[in-house]
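When the chains are written out, they are named A, B and C in that same order, and each has its own residue count from 1.
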Amino acid sequence: METLERIVLEQKIFADLDPEVGTLITGCARNHHFEPGAYLFHEGDEAREFFLVRHGEVALEITSPGRRTLILNTVADGDIVGASWLVQPYRWNSDARARTHVRALGFDAACLRDKCEADPLVGYAMMKRFMPLMVSRLQAAHMQLLDVYGRPEGA
Amino acid sequence: MLGLDGLQALVEALVARGHDVIGPVERNGAIIYDHIAGIADLPAGRTDRQEAGSYRLEARADGALFGYAVGPHSWKRYLHLPRETLFRVRRVGEELAFDPPAAPPKRTAFIGVRACELAAIAIQDCVLEGGNYVNTGYAARRAQTFLVAVNCGDPAATCFCASMNTGPRARVGYDIALTELLDAERHEFLAEPGSDAGAALLAYLPTRPASDADWQAAAAVATTAAANMHRHMPGKELKEALQGNPEHARWDDVGGRCLSCANCTLVCPTCFCTTIEDHSDLDGQGARRLRRWDSCFTRDFSYVHGGAVRTQTRSRYRQWMTHKLAHWWDQFGTSGCVGCGRCIAWCPVGIDITAEAAAFVEGQSHGDA
Amino acid sequence: MTVDPYVPLPYRVLAVHQDTADVATLDLEPVGAAIPEPKPGQFTMLYAFGVGEAPISVSGAPVDGAPLVHTVRAVGAVSNAITRLRPGQELGVRGPYGTAWPVESADSHDILFVAGGLGLAPLRPAVRHVLANRDRYGRVSLLYGTRGPEDMLYREELTEWRRMLDVEIEVTVDHADRTWRGAVGVVTNLIPRAGFDPAHTTAMVCGPEVMMRFSILGLQSAGLPFERTYLSLERSMKCGMGLCGRCQFGADFVCKEGAVMRYDRIAHIFTVREI
């Protein structure tokens, strides 16, 4: 547990976290290792656990019948995989597949949500860290949508 | 001092020396610049009444030959041609052969150049000849042009050259400067040489020496003209007021009035923007490239693949005015405006650049952004 | 008689390489006189017989017997005509015009190239210059984003660069399927991972204007000052010489004070709409 706590507090997203809060959230955490090609989760699954990539690369993918599997985004060291655990109905809306060996911290979503609910200070400390990540993820997604390299209109 | 006969002799001497002589003539209700053969072609006894969005010719009480201010033409139509062939190119097999048009320009003489127009010519000299790349067509024509300035006696209500420090008196840039002195007793011109060529030509003409009274009368013409100008442009503070306020509400205001018709850029003596046109022969073996006047008010002007950068009229008006009155200082060391007032008269909705400028400066001092 | 600067010099097409569906790279050699050697970042005006001219960045300088190279995207009549030229045919070339990437003044700096789409073409001469003078610079990284794997330019050269042990090449695409093994997402995602030291780095950014805007924000978040951030602007051009007035961006002529501009000079108007 001690070592896990150290690993949690080492992550960039938890920089300057109150050590007490660190201990608390470590209670929801465990270590994972994924082989290349393994899925962290599938689209439609209950978002029971979300992941913080310690090392490796994960691809977020969407498959639909008759079409090639498309990659939405790739995430690497220090990134959080998945945001669906934050909001109802807590279901993943894409696949997440390890492209390399991936070492990740998995956080029990319900456990973390309960702890946030029980102590607003813990809740705020978490939201303050996850929000910027989500916002910049959204901004980046907007940029991807713009198709800036595409053919100009009227060309 | 030159009499009417002396002025006629001036024109004839220029023609005899192979010059195309261009001067003011009345045509289609305006005083424009076109070829003249003698002083009989000049708009004697005519004057212009100008206001925002309005230009009318009227009869004068006297027979002054240059008793008007400025019309819709400026001398740029003879120096910075509205259309000019840059080169012809022939395709022979896979090869391309470029032939620049070889014709040297004719000698030209301009009669009746106002002080504001001399300033405008100097500005275009700077823009088109003063950079790393020279507009060689302009340079060649400019070198062959003889300038006879005529000092303004009767400014229009739209004139503000005094405020821009470009007139009403011609100070530099001319070969000969004339001031028309007309009263019950005489109709003469005080003639001042401004160059060796000007002095040489005057020496050849029938003149009498100017008296002190003549000089005083000429000076009075300038003083009266300056006193009769009631429009002015703000001073140094204008540059920052424009450059620092690209999102000022006034741009939407004037943009809402502007028709984007480009009249102002056509009549402005310093506007220099051009476009290029390519024309190929029907047999596909020859082509030529033309340079043509253009205007920043056209939507295509700022077109990059995908669309125009300035899609709204307010953006194009902002570009024109900020360039003319502010950016020009950074680019060329002077204002781009000479105070001739043409843009005010020839704007179909009567936008007054001096009023717009004042609005920006006023907004600045009241802390509006 | 003075040579008219509007008259192009004839150049012959040596080879045409189709990079993507609408992008081609042309190798050119002068028929007679040559233009002065272009500096990295400069552009020429290419004339297609009977059609017209377009400003195209030089993507390969004619040094050591190499041809003059331009990478052209077919987006209009002129660029279409240029990409359809075949070896042996001729076109007109004027220039070179514009400012250069700061490869000379960035001596001893760490260099970060950020390229988006066709933006890699104007940066390529700068990358080549830096790699040819490798010991003059610190860390060298190139971040390259394109639409999809099929839109990548200069694949062979990128692979070659990647093999150099002291250059970092990171590529990302906006859209991909499983056959793409690299990163997916916007090029700004690569910035935090590039691990550069903002105190010693000069960044050169080139690509569509939107991409440059968000790249600059990303670089700024990483602590890079505007004085060491350079970009290459694009505006309507008919002359390339400061005579036609079209390319003005604020008080600057993009053909004279640009296309490569230091960001602190234009930061105040870069985000003003329709300036």
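Keep in mind that, in the parts below, contacts are C-beta pairs under 8 Å (C-beta built on N, C-alpha and C of every residue); 3 or more make two chains touch, one makes a residue touch a chain.
Remember, predicted model here, so these are calculated numbers, not experimental data.
When the partners of chain B are compared with those of chain C, the chains appearing in both lists are A.
Between the chain pairs A-B and A-C, more C-beta pairs are in contact across A-C.
Chain B and chain C, compared by their mean Cα positions, are separated by 40 Å.
Per-chain CA centroids place chain A at a distance of 67 Å from chain B. Centroids built from CA atoms put chain C at 36 Å from chain A. Shared interface positions of chain A, defined as residues touching 2 or more other chains, are 152, 155.
Residues of chain B in contact with two or more other chains: 305-306.
For chain C, residues that reach two or more other chains under the stated contact definition are 75-76.
Touching chain C in their complex are the following residues of chain B: 86-87, 89, 91, 94-98, 100, 102, 127-128, 131-137, 139, 243, 246-247, 272-276, 278-280, 284, 287, 289, 291, 294, 296, 301-306, 309-312, 315, 318-319, 323, 326-327, 330-331.
Chain C makes touch with chain B in their complex at residues 1-2, 4-10, 12, 31, 49-53, 75-76, 79, 88-92, 234-236, 238-239, 241-246, 248, 250-251, 253, 256, 269, 272-275. Here chain A touches chain C in the complex through residues 57, 59, 61, 68-74, 76-77, 99, 139-140, 143-144, 146-152, 155, going by the rule given at the top.
Contacts from chain B toward chain A in the complex involve residues 305-307. Within the complex formed with chain A, the residues of chain C that make contact are 22, 75-76, 116-118, 145-147, 151, 172, 174-178, 180-186, 188-189, 193, 207-208, 210-211, 214.
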